[in-house]
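Chain IDs A, B and C follow the sequence of writing; residue 1 opens each chain.
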Amino acid sequence: MSAADGAIAPTESALLTLREVTKSFGGLTAVNGVSFAVGEGAVVGLIGPNGAGKTTVFNLITGNYQPNHGDIHFTGQRLNGLRTHRIIMLGIARTFQNIRLFQQLTVLENALAGCHYRMSGGILAGMLWLPTQRRVEKAAVERAVQELEFVGLGQQTLTVAKNLSYGDQRRLEIARALATQPRLLILDEPAGGMNEQETEALIGLIEQIRARGITILLIEHDMRLVMRACEKLVVLEHGGKIAEGSPEQVRSDPRVIEAYLGTEDEV
Amino acid sequence: MKPRLDWIGAGLFAALLAVAPLFLNAYQVDVLNSIGLYALLALGLNLILGEAGLFNMGHAAFYAMGAYTAAILNTRYQIPILWTLPLSGLVAGAFALAVARPVVHLRGDYLLIVTIGVGEIVRIALVNDVFGITGGANGIFGINRPRVFGYIIRRPEDFFYLIWGCVALTIFLFLRLKRSRFGRALNYLREDATAAEGSGINTDYYKLAVFGLGAAWAGMAGTLFAAKMTIISPESFSFWESVVLFMIVILGGAGSIPGVLLAAFLVVGLPELFREFAGARMLVFGLVMMVMMVVRPQGLWPARGHQGFSLAALARAVGP
Amino acid sequence: MSQFFPFPATLNLANLVEEFFQQLTNGLAVGGIYALIALGYTMVYGVLKLINFAHGDLFTYGAYLGLTLLTSLALTDRLGFALGVLVLALMVMGLVAVLGAILERAAYRPLRQSPRLSAVVSALGASIFLQNTLMLIYGARFQVYPENILPATTLNIFGLYLPLMRVLIVLASVLMMVALYLFIQKTKIGTAIRAAAIDQDAARLMGIDVNRVIMLVFLVGPALGGVAGLMVGLYYGQINFTMGWVYGMKAFTAAILGGIGNIPGAMVGGLLLGVIEALGAAYISIAWKDAIAFCVLILILIVRPTGLLGERVADKV
């Protein structure tokens, strides 16, 4: 990886750094020696054909899987071996490709999940419903409602999550992630299943999130979104990184063009 | 149903129950006492199974732990039976933590099998007079009657108020717990543990905590049981007790306190009404479980879609 | 020294060895029975990811049906011992297989799309229902297989005197396991079962009729479980309507020990558990016999939840 092709080499100063990360499932190597970095304040896209290993990279970052080789650093701290909730508490929040909301719970309760680790109160405080607990709950509800309003769900706090439209469910996942007050937000196909208008609104939302100083790493197939929202792209194919750089550089890269030929669900 | 109607209904039910012993004979009151004990146990199991969605079919083991702790402390060290209450809870809770610690991360149905196994090991240990203190298959007898402010609790009516007082207190505490940070964490766990962990929630901690809490409650119910019976033996804590408790929670509606109460009345009370068909009792249960899962899997009195009026009120207060 | 050895040391050693081999072969016979039951658990779990709690009770039905057919048809009197037992075994297998298929239709198929808990509860309900049906028909007391039908022969194998029935059970169970293994590995239907166990949706896309595979699994598993019930009746002579629970739990332990969903694993796990239990009961404590299997279960789940022959798989996120 030379600096000449515009790629940002993994550095200690970056917010998130992956170095030579490999993950295999049985005989299948889903991620193969991938390195890249995400700088503070950036919006970075992780793209590639289906099955390229993008979601697996996300799962490695948030500790859902452990890498076989290589390491992952966030703000200088090594993430390998940490449990997922510890990683979230360090300041990474995520959404899932196949929406994972708490389906039977209300929109508000879903968002409150993100507030959880910053709240206090255990069994006793809960059972006795102490005044301190009441204050903590009120503050958390306020935070959660703020985030719901931020993503445009302020009117539906008491709707049960499963009754939301597809696009709203994706937005609720983002609100829940934002409620953890992350420094880095990673979004797995946030526009998946959205119509054109919703996608447009999503691009606006990503802008707003970035304006709050939150760094974003996203996986997306919708090239219009990727080209407009991201300032840097990392391209995976068959588990390996084949290109990295600005959207323009990536678009004209012959290997990327080759990788995308024959797959018509993109562009 | 509106929240206010709920409270009126609950108040009427409580009042009816409170005066019931005046109109019932000793036997009938004793049936109500059994229902109360099962309700107490099932409310604890409901936290584990209903709120957190962890399959536990060894609840009787924790019940036994509490009952034996109380009986041993009382008969060997003359500690008044009701004083053993916290210790019984502690022992049962600690035991649950110890057995759950290595297996709690396992897939749901593995946990089910392990809890069945633990229940059986405990029962076999009791039968084999483990450490020479459990009295083997005969159990322990000669447990003292409980004494409250110098008054000896002896008649079924006395126990009725003791047991149902505990049920009422439990409901009071668990309703609050349910809508607090802790209670919500349990629901996140049940709905999607991966998403919960991915929202920064230490799911293993909550799995253990709820196991410990539910078991501690079973342990304390065990004390009441020991006090009521004055004699306990391993057969009171068989696998079928765990199955009946499991059934009460599922039948009533996982996570629903009124559902659990209703199911306790049905599962424990109905067979007493139809004693001539006692042999067919379990057969009917089995059939009901199968049919329920097809026609009404959410239970007879399911939990409401959203939890707790106070949260809603809070949301409205700060909302747009 | 001599007071420690009231008998000549050599004789004592011979006794110990004899005793050990008696326990070992007994363990193999019981283990063979566990393995036959475990196959039913593991096949159903492989395809449906469901613990078929009622499987242990189908095993009990095998024992009871065997008893009823044996006494009412007097098969061994008419056909002689060998042929009589063989015909009996086939009839039991057929009948219990039909029961298994009915169970699948009634208790599990309606819940195919439901959450996991629903199917588990239904399985449990089916188990309780089946068990208590037997209790109402036959009564709660132990039922006894007629003693006079079995030739009380012992076989001399390398100087070891073994009961005929024990040897037959070991041979028959190993034979059936090998047959099943070949059926699963070598036939087209067997391949379909394996495919459905790996990925139902993919199997469906490849043109496999998954419903038929499931039905087949619910025929084969119960058939083997039913014949295991018959074996228990013939081996121990006593049966009870609740015995399916204990045997079922142990067989399930065997399935996990070998690696759930893994057919050779169920065989290995069953035989191993039978031997561990027999030796444990003989040399540790008979009173804790039934706890041994559960301890093995918990230990294996802590140390190696995928079992001896199972592979590690990462749950998809």
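Note that a residue touches a chain if its C-beta (ideal position, glycine included) is under 8 Å from a C-beta of that chain, and two chains touch if they have at least 3 such contacts.
To keep track of the chains, here are their UniProt names: B = Inner-membrane translocator.
Everything quoted here is computed from the prediction, not taken from an experiment.
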item	value
Topology of the chain contact graph, where touching chains are joined (line, ring, star, complete, other)	complete
Chain whose averaged C-alpha position falls nearest the assembly-wide average	B
Farthest chain relative to chain A (centres taken as mean CA coordinates)	C
Winner on C-beta contact pairs when A-C is weighed against B-C	B-C
Interchain centroid distance [CA atoms averaged], chain A/chain B, Å	41
Centroid distance [mean C-alpha coordinates] between chain C and chain A, Å	48
Mean-CA-position distance for chain C and chain B (Å)	34
Per-residue multi-chain contacts in chain B, two or more chains	194
Numbers and ranges of chain C residues touching at least 2 other chains	317
Touching two or more other chains - residues of chain A	64, 96
For the chain C and chain A complex, residues of the former touching the latter	311, 313-314, 317
Contact footprint of chain B on chain C as seen in their complex	50-51, 106-107, 110-111, 114-122, 124-133, 135-136, 245, 249, 252-253, 256, 285, 287-288, 290-291, 294-295, 297-298, 301-302, 305, 317
Complex contacts: residues of chain B adjacent to chain A	173-174, 176-177, 180-185, 187-188, 191-192, 194-204, 209, 213, 305-307, 311-312, 314-315, 318-320
In the complex with chain C, residue positions of chain B that touch it	53, 55, 99, 102-103, 106, 108-110, 112-114, 116-118, 120-121, 124-125, 127-128, 194, 239, 243, 246, 250, 254, 279-280, 282-283, 285-290, 292-294, 297
Interface residues, chain A side, partner chain C - complex	25-26, 55, 59, 64-65, 96
